[in-house]
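Some structures to go through are shown next.
Next come two complexes, and both contain chain A; in the first it sits with chain B, in the second with chain C.
And now, the complex of A and B:
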């Protein structure tokens, strides 16, 4: 393997790893506040990708595409919390305590069908956000990559940094930690628990939306693309640990890079290796590489 | 004629008329099982083939038909269990006279024995696996026919062309059942021609990036890449990053309109694929225009839609020739079809007792993308 190929595979792996990281982050934040995951999160990514496709095709500039798609999907985040999660949060010990798995998944299926109805079943390609031509590349020391690949890698790094600050250095972060620890006590202390939970779902949706907008020009999109990213995001957050945002970043990038090199050296089983690593890591460290045994008390 | 004899004759005439009316009202049912949802690669095939079927039926019904023919359509979602269940329903509940389907060769392999057993003709399409009709041809009579591009015919043409051009050939295939099947066929064909592939790469069906595979093929020195993957557009997407521009050749999937929309005119330029639709032919042009008018933007794959059209036209011709909805007579009429004029390269006498493929190796040719259009490769 020559050095240029090595860096090329690394860059592609980091870019896709950035997407897995953003999805994993969404799971991290909703799990922290409600101990639930949105199994329709990948479909929010798909919705954002299609919205971005429509706006970009209509000639909207990149900031409008980004803000428009993210805002619309953020609203969907509020809706999924209200209709698919909250009804089951108020009765955690009832027989349907785990019903949110089904309802969030069902919400995602509804979104998939909406996408099919509006945009059709075929694959589509989203125009590039940061260049005028589909094959415009950035070249650095003989290594070529699409601008969106760079953007998604940078976005995941910046968002992790902001995330860390917001969670551990802000009033909102303290509220999240309190809600994660005990909702009833948090409410007694004057924290608006519902608002904190809703904000976590909105944040999850925004992260999925950012991934969707940035991934559209890199891959081809289709209504069922979300499931793939959901599964990989789940693997990433499991390895990174549901309690550590830095862990999610490390696991996400590592997953993408392992996937890239596995496909280079043994493409027949390329996608398998990353999951094999996840499997062995979870056998020896069930809480993930960076997980803590008692989440929510940090 | 006595009064009673007259009444009997009148009664018999009434019964006959009533019987004929009932038969006319019941009509002839043709079952269709296609992949109409699920992976886009499946849906594009299934919907396009169905568009062709619907157009052929429309044309038939507009031309004062001898029989009232109706379609019973089921979506197997590329799922073999569902495909088998739907075929069982078509046989037992819907009582169809013939069945057309489906996209996945594995699904066809699962339900074809049921139709052979039930003595109901099956028109396979658009499934491409080579042996689908061959395994029934010795049954005498075989009820299994096909109107689709047979994989081996395309591959043979492609490999002969590639080797004549003295190209270094690489292969990129999917890891699905279809991808593995094609990879085996390519490698067999290459071995038969006493040559070898310079590189073989594969990718999972739901892959999102093919940069690693493209880099490996570039490293292997392949100047022709045989591409058999459910998401061929991802291969093209990775080419500029690798600074690599091989000739690409593959199945008819590369002729889909979606490829042009996603990859663009420049990206597709020079790509070669198996084909049976020559749009310079009058009949093909006419069917293409009708499909365009009927389905508008939803018409996205002329090569596959034309095959669906010919499949249905063959069935309708057999229904007319056999005099109605008797499945065994339709089978016989299909096998004896003469003077057929289709949109694809299917010959006037497409079938015989020993050949149930509507396209023979000589009817398949190579097409190439030139300036945003597919044209016959000279």
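And now, the complex of A and C:
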């Protein structure tokens, strides 16, 4: 492997890793407010990627593509919360405490099928968002990068930064922390718990949508692409941990880079390593990654 | 008897139907039902969700197919090896499940399913990939002309045997214990269940059933392709279990019928399966959480309430342990302490509990009483100090084994299995049969069940809730649930009972019943450690009282002395009496 290849694999790894970080952040925020994750989160990403593809192909400028796709998927985020999560909160159910996994997963299956119905099963390529041609290159210190990948890497880092700002520096962030700690107490303190929960799901959907818009031009998209991103995003949060702002970012990027190299060296089984990695990571770091509180028995 | 009839029906169906199509449908239903039963036991009973169960199917199918195809081994050996392979993978995931719970476990099983899928799809040299293995020997007992019939019979009988076992276990200690693990691990530990072993074991069993189904599938049509083991397969398995009725006996077979028939109906327009599966998951979870089997149950109202008569004598309820002589030292703690991340909950507690006495532990809220119970019952590990029970150091004894030593606890926040009936909760407390195959066989028999029922009925009569025996715990009033938990503890024939606030929240009548019960227990030689806030009750029943405040023992004496102790009075009144506000 020559140094130029190395740096190129590194950059595309960082680009994908940044996207994994965004997905992981979406999981984190809904888990904080409701102790649930959207198992159809990857499918929201896929929906956004297809919407962006259609808008961009129709000639819409990049800001319109972004805002249009993100707004539509944010609405889906509200729907998921309403039909697949809220009905199962704090209510005993035959599926135990895990009903939400099945329902959010089911919601994702419906979305996947919608994608097949509208856009068909075949793989598609999205036109680039930040450059005029898919293979536009930027030359830095004699190494050439795909302009698109570089832009995706930077964009995802900026959004992660904004996310932290919202979480740690805003009133909304404090409300999330309060709701995560105790819903009843938060309600007594005048926090609109329902609205905070819905907002967390909307934010999750927006992060997934942004990821979808960003990755569209740098990977091939197909209706079932969401699953890959769901599993990888989950792995990234599990490794990085939530209390550490740097940790999840480092984990996300490391994951993207490792995956990039795996694909480079073994094109047949390249994507297998990511799952094997997830498998072992979860074995060795199975809990405590969400900063879960230990509750004693009384 | 019913089994024999069902087996005959399978034979008659096989040889009376000339048309192969319904037999093939039947085979598919049986094959799916076999896996679904396993998944139902795993998820519906023990609460462990697997989203990658098709991975076990694939292992069973490919191992069996390859052994028969490449090594020309007899089918029986191949099928056996397939089951073993799936079980081994199940053991790995089961061990993982000990560390990873709920959504982490779901995600790991998902990753497992995808890993197996990728391997069988891309390892073309071995598996043939999506082109598949062709010419796998079929299961027809050397009678190819009637291969479809034989396959129908084999899959049908396999399902029947598994269904029968499932029905038996559903109402045995194994079935109840798994439900306890799902609803409340503390409850399972408190009745002496080794939660870790059980959780791993149920994963193995579930994987073995999937392996069996996969192995049989490999010899069904002689063709095995990776397309049969994708994520969509795992999802359709879950759908079958959920639609059929989670945790219910006939949920798996009903769900399997539903899924197979729907898939047949939709074979030509496959691209709507996502709408159908996703929509079904949402709709069933939202509007029919009990599934088809639950619906059938409630329509038929079959749950006839059996009266609990049984033996009148209460002697049946108490199997005497060789308890220690009254007056000897039963339990002792030395410098016991516990701190949570620097916050000291308990410090330097030296407790001496004498056999045959009622030893109360009192103190204001936050004094460390519940922490003490958790340390004594082993549900929490001490930060310092040691606990001796009948001279034995308990440091290395896990909670479920302490239960077997005769240390039995109740909980301040009740830990009952709400989906089981009152008497089933109490039977869960009864001693398990001997470990191993003989114990397992006993679980299948009627004799043990009947003697358990008698025993539990006697205990329920003792705590005066015999009339509620067949009601679900979820439907009971608080006081009755509390008595139910007490009954479960009594059923364990404890030498030492740890009672965490046994009369909190009870009305006067119920409290009087509990007081009476505790006196009777004491008269039978049991030793009680009693945590309670109700002072008249404590003073009336206790032989000795230890007072905790801020995690330390501030007094330890007879009730009459404690009542006059100024430090105790101060701790309870929230400030020294003699320095009252001016």
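Throughout what follows, the second predicted complex is superposed on the first by the 249 of 298 C-alpha atoms of A that agree within 3 Å, B and C clash if a C-alpha of one lies under 4 Å from a C-alpha of the other, contacts with A are read in each partner's own complex, and residues count from 1 in each chain.
Everything below uses one rule, namely that a contact is a pair of C-beta atoms (placed from the backbone, for glycine too) under 8 Å apart; a residue touches a chain by one contact, two chains touch by 3 or more.
Remember, predicted model here, so these are calculated numbers, not experimental data.
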item	value
Partner chain in contact with A:84 - chain B first, chain C second, else both or neither	second
Touched partner set for A:109, first chain B, second chain C, both or neither	second
Chain B versus chain C as contact partner of A:123, first or second or both or neither	first
First, second, both or neither for A:97, with chain B first and chain C second	second
Contacts of A:268 with chain B and chain C, given as first, second, both or neither	both
Chain B versus chain C as contact partner of A:171, first or second or both or neither	neither
Chain B or chain C, by number of chain A residues touched	C
First (chain B), second (chain C), both or neither touched by A:146	first
First, second, both or neither for A:279, with chain B first and chain C second	second
Residues on chain A lying within both footprints (that of chain B and that of chain C)	116, 121, 268, 271
Interfacial residue positions of chain A with respect to chain C in the complex	37, 39, 83-84, 87-88, 92-99, 101-103, 105-114, 116-117, 121, 227, 231, 234, 238, 268-269, 271-272, 275-276, 278-279, 282-283, 286-287, 294, 296-298
For the chain A and chain B complex, residues of the former touching the latter	2, 5, 8-9, 12, 16, 116, 120-125, 134-135, 137, 144-146, 215, 218-220, 222, 224, 228, 260-261, 263-264, 267-268, 270-271
Contact set on chain B toward chain A in their complex	37-40, 43-44, 47, 175, 201-204, 206-213, 215-216, 219, 231, 233-234, 237, 240-243, 258, 261-262, 264, 267, 298, 300
Partner chain A, residues of chain C touching it in the complex	43-44, 47, 49, 51, 96, 99-104, 106-108, 110-112, 114-115, 118-119, 122, 182-183, 186, 231, 235, 238, 242, 245-247, 271-275, 277-282, 285-286, 289-291, 294, 340, 370-371, 374, 379-380, 411-413, 415, 418, 474, 500
